[in-house]
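First the structure, which I've put down as structure tokens, then a few questions once you've had a look.
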């Protein structure tokens, strides 16, 4: 969103120009001073050269920028939709306390707001295309862009504003279920730590890569296929030369969060609460 | 437009389906007979299988078909815009008798209706894109298409209807200037007949291709560069072995219209008035 | 895919035309019989009227049809991607028996083929847009379409062929996990039967809708929030006037499959194996 | 093109980032310092936060920027195509001295390069759409963009480079026919000066607007319909209170070029040769 904020500022500056240069842009009947004075009153820059119209690459940059923003909102909304599935359920978009679900399934809440964000992004992408086709106007007089700009310019702005408003509401009231996140992590019964085990066998116990891989792979497949805890299997395997305590120490989610603070710092964001405490 | 008529009929048939199959399409709570009876009442076919919704490839075919039609209208309108330029002026879109031009240039009439047709085609092409993106819906429940279809389905229909209405008006009142067409043909001072002259030199006078080309090319470049009548030059060239009458006979527009009737017949269209009489 | 098969046949017929009508389509130097004979040799229909080129609405119909097909393939592939998530895992795209996963997570298999199908659909949709913009050519001589058609026509065909080939492989080797499907259904501890319970209370026990909804809603929320089996709660609730056996009888997946055979019959598909036996 | 240069610089900066942050962007196995050092070696900024991939809004900005540039090139090329028509012929794209036209019409030169520029712009616009659809990737691992980016990223760059190269050649060798420009201006027999006459009648001779408009309109329509010189008509009209010399003085092309120098100055461009001398 920071990148989009910069893009939008650029696009807004690019489109904030005016012109009063006469029917074909010669300024024959309107001195440059009139144009400059009028634009200054309106808070616009002067288009330094113009025909009957202002060049449409400016407008196309503006609408494609709105489409880029809408597409990122679609990305975020898609993320939530994916995580709101009943089987995953790590997040839910907000719903009012009193709000009941359907009579058919009272517990069920659909990500309707996020779906709306996605659908409207498709609309603005379509308008972006229209705006790019408007660039190729003929000579000094061609107002073929005018008919569609009456639609796409206000609609792109209104729809993106509406989408931003919906999505802000979603983010402000987003329901987050850290316990379910942990459960989903544990769906694999510890297999997500397999790389750490292999690395430890190599670096700390001196096995070569091939040996380490075979040991880990054998236990991993067995854990997956027979639904057994991966750590238990490893601790019982005589070929695994790591001690039970060493092994248990590797199965640590905190390891993957070690650099979280540094990443947030790089972003100039305030420190997040320590996720390892959750 | 005949091809589009066929495409539209197919697209309309494809989209004229209904469904009442329950929340995920199982018909668990709604027997198939209810769906069949309700659709029959509405003059719709039954979607033979459905989820919560009817599949969106149907709607995408419909909107892309509208975009194809709008694009052909844009083609025709572009043709008129090209031929309405002041320098060419073979056609003009209609204007009311009493209607005056601008105060600046009272004689000037801009192809505003045709420009509008072009601009609106770009809008519908944008909507076609949106409709194609709607096809990829998730599982049995995803209404992300709904937000944009409220806009693109009515707007595509309304805008195409409006465009067809404008363009029908344009065609009904199109001003055609055959005399200017002839003048424009003569802009080249007869050079458009150069191929016929070359062919006659080869086929009737036995020159080889290289000889014929050199003779024609030399006279053609001179006619073009010095703005001299091509026929006069040829008739004065001693190397041109065609007689003056033979040459004059080749400079005949009718030759290029010989197959016009046959083409119209192939299209099952009524014979056109003999253009050679114009 | 049946609908797409019909669309592709229509689009192929529409584009299978040829023309030999001279530089501006007058047939002045090429009799109609030459065109008809040459096209017949090539197995093509004759374009009944043409300019220097064949009209591009034909090609645009063809490429948009390919885009519609690719978009449906994207839909199917997205379905599989959704169901292949580790937490859901009802389906997996094929992988070779000997094929090992990554060293990091030996059990993990990513839906790479399905992702490829999705990405390539976006490419063909872009080409569809290009093909629609090609319709508006100028007058009798404009070959601006030629530069991009050298790319989009072969690429759309090749990429769709490749995508179909990948997806056929995916479907032929698709791994289906019915046991996991059942587990996922049971994630809600029976809540998916709430509508049936409510209907039975109304229709068989004479409660009004409001009463029935309150009873079901109360138990549903308790089941969901406290992770208790919904059937157990209902059987223990004195206000539920259905007997324990009656209640148990309602919790039957088979009820939702009652019309499966009828739907397959409507599609003229062979009867599926009885899913209730799985 | 100056605006595009600025946009391209921004887009290039936006896409010139790298990342080495591990499989899901946690930096668990790769310290931030490795990423920073590697990117510095490559002359790239570090993507401050990343998942398995760098976010695709960066790439979409890049490709849409290329599409904007291609669309402006299409605009310029369309301008030349319009002005190269035989009837208008104010410009021609370059052709080699020895290069002969077709045997059919040796004088005729088609704007093939400009048409190519137009067709290729349509291709890049299609790719822009594809790039925008790539933004919505799922979670930390989705490489669906990869399949189409192998095509659209190199092709957009190569095609735009090729298009720029063609169009630079066109501009360097553009044939300009000022004499034909003057002839085309005179096609209206002086009607383009009607506004100046009306203004002079009002401002210098004290007529009201309605009177002035009627006098000018009457003479303008007569000049247009009967192909008579507008100045002659005005000079012969007793109601026109301007003297013959005053009238002749108004029919001055130079009047429309008065502000040309000021416009070029505003653009910080070197003064153009005095067009009034041509």
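Observations on the structure shown:
As written, the chain order gives the labels A, B, C and D, with residue 1 at the start of each chain.
Just so it is clear, a contact is a pair of C-beta atoms (placed from the backbone, for glycine too) under 8 Å apart; a residue touches a chain by one contact, two chains touch by 3 or more.
All values derive from a computational prediction rather than experimental measurement.
Among the remaining chains, the Cα-based centre furthest from that of chain A is the centre of B. Across the two interfaces under comparison, A-D and B-D, the one joined by more C-beta contacts turns out to be A-D. Each chain gets one centre point, the mean of its Cα atoms, and the points for chain B and chain D are 25 Å apart. Inter-chain centre distance (chain A to chain D, centres taken as mean C-alpha positions): 34 Å.
In chain A, the positions touching at least two other chains are 82, 104, 118, 125, 128-129, 133, 138, 195. Those residues of chain B whose C-beta lies close enough to touch chain D in the complex are 82, 85-88, 100, 103-108, 129, 133, 184, 187-188, 191-192, 194-195, 198, 213, 216-217, 220-221, 223-224. Listing the residues of chain A that touch chain D in their complex gives 3-4, 7, 10, 14, 26-29, 31-32, 46, 48-49, 55, 57-58, 60-61, 64, 67-68, 71-72, 74-75, 78-79, 82, 118, 121, 125, 128-129, 132-133, 135-139, 195, 199, 255-260, 262-263, 266-267.
Of all residues in chain A, those touching chain B in their complex are 23, 81, 104, 110, 112, 115-116, 118-120, 122-123, 125-130, 133-134, 138, 141-149, 151-152, 155.
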